[in-house]
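Chain naming follows the written order as A, B, C and D, and within any one chain the residues start at number 1.
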Amino acid sequence: MRFEGVFAALTTPFAPDGAISLPKLGENIGRYNRTGLRGYVVTGSTGESVLLSFGEIDRIWSTAREFAAPGRLLIAGAGVDSTSETIARARRAAGLGYDAVLIKTPHYFKPLLTPTALEQHYIAVADASPLPVLIYSIPQYTGISITVDWVARLAEHPNIVGMKDSSGNVQLVSEIIHLCRPDFNVLTGSSGTLFYALLSGGAGGILALACFLPEAAVELYEAVRAGDTARASRLQFTLLSASRKIAGELGPTGVKYAMDCVGYYGGNPRPPLLPLTEEQKRTVEAVLAESMARQKVDHLGVAG
Amino acid sequence: MRFEGVFAALTTPFAPDGAISLPKLGENIGRYNRTGLRGYVVTGSTGESVLLSFGEIDRIWSTAREFAAPGRLLIAGAGVDSTSETIARARRAAGLGYDAVLIKTPHYFKPLLTPTALEQHYIAVADASPLPVLIYSIPQYTGISITVDWVARLAEHPNIVGMKDSSGNVQLVSEIIHLCRPDFNVLTGSSGTLFYALLSGGAGGILALACFLPEAAVELYEAVRAGDTARASRLQFTLLSASRKIAGELGPTGVKYAMDCVGYYGGNPRPPLLPLTEEQKRTVEAVLAESMARQKVDHLGVAG
Amino acid sequence: MRFEGVFAALTTPFAPDGAISLPKLGENIGRYNRTGLRGYVVTGSTGESVLLSFGEIDRIWSTAREFAAPGRLLIAGAGVDSTSETIARARRAAGLGYDAVLIKTPHYFKPLLTPTALEQHYIAVADASPLPVLIYSIPQYTGISITVDWVARLAEHPNIVGMKDSSGNVQLVSEIIHLCRPDFNVLTGSSGTLFYALLSGGAGGILALACFLPEAAVELYEAVRAGDTARASRLQFTLLSASRKIAGELGPTGVKYAMDCVGYYGGNPRPPLLPLTEEQKRTVEAVLAESMARQKVDHLGVAG
Amino acid sequence: MRFEGVFAALTTPFAPDGAISLPKLGENIGRYNRTGLRGYVVTGSTGESVLLSFGEIDRIWSTAREFAAPGRLLIAGAGVDSTSETIARARRAAGLGYDAVLIKTPHYFKPLLTPTALEQHYIAVADASPLPVLIYSIPQYTGISITVDWVARLAEHPNIVGMKDSSGNVQLVSEIIHLCRPDFNVLTGSSGTLFYALLSGGAGGILALACFLPEAAVELYEAVRAGDTARASRLQFTLLSASRKIAGELGPTGVKYAMDCVGYYGGNPRPPLLPLTEEQKRTVEAVLAESMARQKVDHLGVAG
């Protein structure tokens, strides 16, 4: 199975009292089902997974499974620091009918998490997981960086089928693509470099930005697939600010507010994440307005 | 209540099958009860808390409560990324009769965890916690650094009674001690700077090294309290290598092997932490031998 | 004047006694004159400028001026920590008939070099320099990172005509290109991302790799300009390892040995830079062989 | 020869037109001669050496030599990135009758400056220098960190007689002191940890703070030497804020303004360093006032 296309890294909606809101999650997914998104990552970083109990995660996974349209791929954010707990979560995701698990690099004991320790973690998880494994690297949150050679070794495991790289390091992504087997799915988590990752032969993107601009991300993907590099480049341009200033600098909190702005349910994050300040809200609104204005110009240009 | 003296940051013993071994924990605590340790931190970083489920943590807390001798202070490592989950854990520790909670800085969403966000986390926890709160900063694992002024603001909260600083930054510790109220308990988590922290007016230490060299750490503490600076300085010297090469560079894994070497039950860590290599074991043994030889010389010198 | 195309970041040849070898420099430039390189940067980072006296730099600049073929653009690496010394060097470069100066971010007093301090440095230099100024950011050496907004402010100065970015951050480069005026020349210093920088609208590259693989870099540039994205992508692929493993990880030392391998004069770097070990030499040879084999395949494929 | 006591890391005075002001340097030294300072470091980091030409440095060295009172030790900040240039400067300092050279770690080519490369640099300099060599580590400016074992290896060289550590890492300093030969002079560059470094057996300090609070630093040194730990601890307390907020956070610029405040000639730094803002000046004034008030209290307490 290939993991190609644009996936949304779903947010986790909370009700005003702080409890998870499964109905709002279902509504959001219902709307995403009408876009060209290839599937969904549930309880990844954008889903505030580190702020959820496993009981909550289980209910979120079930709900997403229920609401995702047939044919949409479902990927469970199942990686935690503990190897055995990661395996337990992967098994649960398999039981719920997910298509793959996304396994974040363990990161707490940084000086002890050598390449060898990390490699053995992934091998143990991949050996035990009933579902295919995608490696997940997000050094801006974990403080753990990976190398081309390290990924290439893991890509030889039959149950490690790809990776999500959120570092935004285009050269790293390119080298991984060229060094690993052709069906190793390299997905970027950095919407500001989606165009470049696709041109390098990347399989697609798992994007927080796709929570609030799903169509734009899908259009970019399809433009590259159609060989329309010039258009894809223009579309990438329309996403640069939103990528950096919303998904990057404001994280799940910014993504949720942007969702509220465009008609999805965003809501507040869980503490210790703070709601946006009024100034931050104005920034999100301005970035969205500019991004959508540019997309409209591009569409008109294409039409005309 | 004051938190003064040397506390051991307890390891979590695992049986060969990977399950937590409550009997071994009880045995270790039984032995520590015969030392001059002031108390125990249960499920801190050295306790591999990030690799434990809350169900396991609950049983560990209960066992430690059962085996700790009367008068020993018990501090629960209760901090996780989520504010509400941290509060829930603090309440459970209170229910079990603990004396305080040690609350690690949240750290996953680094760019979003501004000083304000971190401050609001601690205030929310301190407001809700039935137990007094100790702030816990360990930037080498979390990637989050704190400042003097930030601590000083939090030290005004009546339920925030102290902190554990594991950065090893002596000037930071000194400034915090001098800037905060006199009964704010500043404990170091860095056994290589215990002497200096105490000379600055620090309340004591919460030390992984105290798992395998409890008497040496207590002697150093008592030498400072007795005004015997020269002896304290010599004792600090005997601990420098063990601090850096075992507790620092090898973390819980090294601490556990050192415990095995001196008669406690250490055992293996949980994956993804790897057991020590043979070479690492030789290093631990050599460091321990040198440290104990130096302590013996010091004792003979004092006796003679 | 536009700074478009591929520029070589020239090395500084040393004789076996450690003195600069102007004849070897002249010979190298003579050969480069027969390639499609647009010009040369003299005494940049790859030129080991921090290991040269200004007297030596002056003679190197004169020699490069003498040997560069007419029409090749000459850019002087003129930036040092001191603003006034940077200006003095820019004036000297102007006196020698150079086309522009490349001005590295000052970096020694890191905590004091705020965006404002750095901005005032560039404005002072640009105001006083008779030559157009290119900003030069290379955080892996300087520890100083820049932002899109900071560059955009400086790009409004009429004498700041572009920048060289060696961070390899493709999103940063893209945003700068889109935010700055159309004739602001954004050149990448990262040969592993040349393709992507050009697709974003970048003006070209100033590359250490062009010292030993000038034709390959120029071909990539021309393929993008000709709209042959597929071929450019393949050519980029042939350069990834050489970019990372030679220019990146081995710096000027690796570049010089690679030059020796392909018929230029490389020679040894100045201490404290060490000559390559035998193992490092084998790595360079293997990377070069693989890179050239891939280029040959590509040429045959195109021919056939 | 031993390098024990408190040394001032002298600033370089500039006239309003930006030229070095040798008369003001002479006046400052004349005043320092009346304090208990053991000697002076000339053209170190605080002397803005990276912003000076070697011609200027030569004149500064000559002037300092001329004005330093007999018996004061003179140490020349002679380290630059180039090994051969460092040697040339060390020879010049010897010709001028200096007592030692302070050799900063080379730092520009960070990924290439392995422990081995740095070690060979120091050995080459120590072999060739007519003057004894002090290693100088200041990672906050250079980005280069050193280890205990690395220093211990270099301390075996007969012409490497000590080091200045400005990292403020007290455990590192302690370990170096205990691991190196007894006459290896370990001096701290961190005035906020002087007390702790001395208690560990350190030889003294080379301090920017001694430019504006020379007596206080000397008193602290003498209190430790006299065995009056309690008084030394109180004196250290009076210096903590000045150390961090002036010498640390504001660097040479803050030190110069503090000198102006207490009657020395400070003046402005060279661009790109900016003069203090009005708010920063108020901070310096407040810190100085508080520091001197505390010292007065301490003196009265001792007197009474």
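Some observations on this one:
Operating definition for what follows: a contact is a pair of C-beta atoms (placed from the backbone, for glycine too) under 8 Å apart; a residue touches a chain by one contact, two chains touch by 3 or more.
What you are looking at is a predicted structure, and each value in this text was computed from that prediction instead of being measured.
Distance between Cα centroids is largest for the pairing of chain C with B. Chain centres here are Cα means. That of chain A falls 35 Å from that of chain C. For the pair chain B and chain C, the distance between mean C-alpha positions equals 50 Å. Under the contact definition stated at the top, not a single residue of chain D touches 2 or more other chains.
Pairwise, the chains that touch each other are A-B, A-C, B-D, C-D. In the complex of the two chains, the chain C residues touching chain A come out as 148, 168-171, 174-175, 178, 190, 192-193, 195-196, 199-201, 229, 233, 236-237, 240-241, 243-244. Touching chain A in their complex are the following residues of chain B: 18, 45, 50-54, 81-85, 106, 108-114, 116-118, 120-121, 124, 140-143, 248-253, 270-274.
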